[in-house]
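Residue numbering begins at 1 within each chain, and the chains themselves are lettered A, B, C and D in the order written.
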Amino acid sequence: MEDLHGYYVEDLSEGMSASFGKTVTDADIVLFAGISGDTNPVHLNDDFAKKTMFKGRIAHGIFGASLISAVLGTKLPGPGCIYVNQTLRFKAPVRAGETLIASVTVKSINAAKKLVTLDTVCTVDDKTVIEGEAVLMVPSKG
Amino acid sequence: MEDLHGYYVEDLSEGMSASFGKTVTDADIVLFAGISGDTNPVHLNDDFAKKTMFKGRIAHGIFGASLISAVLGTKLPGPGCIYVNQTLRFKAPVRAGETLIASVTVKSINAAKKLVTLDTVCTVDDKTVIEGEAVLMVPSKG
Amino acid sequence: MEDLHGYYVEDLSEGMSASFGKTVTDADIVLFAGISGDTNPVHLNDDFAKKTMFKGRIAHGIFGASLISAVLGTKLPGPGCIYVNQTLRFKAPVRAGETLIASVTVKSINAAKKLVTLDTVCTVDDKTVIEGEAVLMVPSKG
Amino acid sequence: MEDLHGYYVEDLSEGMSASFGKTVTDADIVLFAGISGDTNPVHLNDDFAKKTMFKGRIAHGIFGASLISAVLGTKLPGPGCIYVNQTLRFKAPVRAGETLIASVTVKSINAAKKLVTLDTVCTVDDKTVIEGEAVLMVPSKG
């Protein structure tokens, strides 16, 4: 199993970064509604959504957050880390057809407590759509 | 479309609350992995997960956050609101078979800016597994 | 759990109505085919569907019925009700990209038997595509 | 495309029957909730469902109907038919893990109008859970 493990806290340094992206599809939106129970018509109903400030259907904000979780949980720090805290500021909507990129960058490391803080941002065409910060507990090799 | 709309800011008062719950199934975990790209083995791989402090597979933390989004987007404040900010503190793991309840309570209202702050909490058997705060912009009737 | 419950039979009166709508996507059609097993080419195969009277792929009729179920089960009467009977008359096809609105209206109430009859209709751009009637058993407060 | 076509009205006779079955899984229930928007807690929330007369989570009634649609649309009469009418009487709940069989039997044929009426029934372990009748328009070879 060891080869499935991600970084240990000793392996990390400030400025390290990683990203994961995917193109948002209607399938993602329909499935996200199903597993979350979030059937808000702004995500599912064009007629309703066109009358909002968004002028059409948008993806769930937390769907963007789930891509941040993907980077943290699979790349940096990767498997073995424990999610402690996440802040999310939703800056702009994301729509089906757009490619959403989640990027994380190590901001600070508390080696004694094994806590790592990362900047977390989601972008579409280099425009920030979500920004925030994550704190993870990362195992030590010792 | 009007009957699909949720609360307007004038309709809200401190202390109002709503909740949504669902039993976490393996289907939720598999589908969440698929749409998020978060294939961390702690969620998908029993052999790996048993060797972690969780002693078995756990649901994605952001899956819990998605149930908070469901309450906010469908019940309180409901359709028409705009997600501005969410903080999440992950307190305990959630496993398939457990029933996860997301509850939100109006904490404060800034009518001038149409901003509403809610306490957001997820529980399993009355134990808090996620806690945090959401800020939403809620339309005015005027 | 009480706050998750819908209307009780004493809360209902003739003429009350509710609706739920969603824009039909290819994802809905593909997923509906997958879970139902209804792989009729009129839903999945453009080449076949173009040679039918529909001149192109259409959504499953029962997909429309599922939106009626969504209104009944989440809004009116809402959680706690028991589905007894549903009639469905399919009047016109529904295609991907169209926004399908399911609306239900309380038609009659048999308080002694706790049975509520509702008119159920699905529309696209105010054109009726499905019509029928539902009977539900709705719990009493007593 | 002709080889994809189902029965023509001239091919049908009273008493012909066909069936389709599948084992209901949590994945079906989660996905059905997503595409229908029907997040009624009796389907998704064990804590809520245990306090109902069903004593646990049940599948959506219309999910059963979707299996009837699968038999009609893929086997008898099969591709090319047009769904005109369906009645559904929900007799008993269906749960994850149960194998649901939808069966249809030709009851009467109006060759002049190309309308075929079928008995439609869903069973679990030979117990009827849904019964009703379907009317379809079936193309003529002529």
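Criterion: a contact is a pair of C-beta atoms (placed from the backbone, for glycine too) under 8 Å apart; a residue touches a chain by one contact, two chains touch by 3 or more.
This one's a predicted model, so the numbers in the text were calculated from it and none came from an experiment.
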Pair with more cross-chain C-beta pairs in contact, given A-D and C-D: C-D
Chain pair among C-D, B-D or A-C whose interface repeats that of A-B, sharing over half of the contact pairs by residue number: C-D
Distance from the mean Cα position of chain D to that of chain B, given in whole angstrom: 34
Centre distance in Å when chain B and chain C are each reduced to the mean of their C-alpha atoms: 27
Between chain A and chain D, centroid-to-centroid distance (C-alpha), Å: 40
Chain C and chain D: spacing of chain centres that average the CA atoms, whole Å: 15
Shared interface positions of chain A, touching two or more other chains: 27, 30-32, 34-35, 37, 39, 41, 44-45, 47-48
Contacting residues of chain A [partner chain C, same complex]: 25-27, 29-31, 39, 41, 44-48, 57
Parts of chain C lying in touch with chain A, wherever the complex brings them together: 20-23, 25-28, 30-31, 70, 74, 99, 101
Chain C contact footprint on chain B (complex, rising order): 3-4, 17-21
Residue ranges of chain A in contact with chain B within the complex: 1, 4, 20, 22, 27-28, 31-32, 34-43, 45, 47-48, 51-53, 60-63, 65-70, 73-74, 78-80, 82-90
Residue ranges of chain D touching chain A (in the complex, touch as defined): 30-35, 37, 39, 44
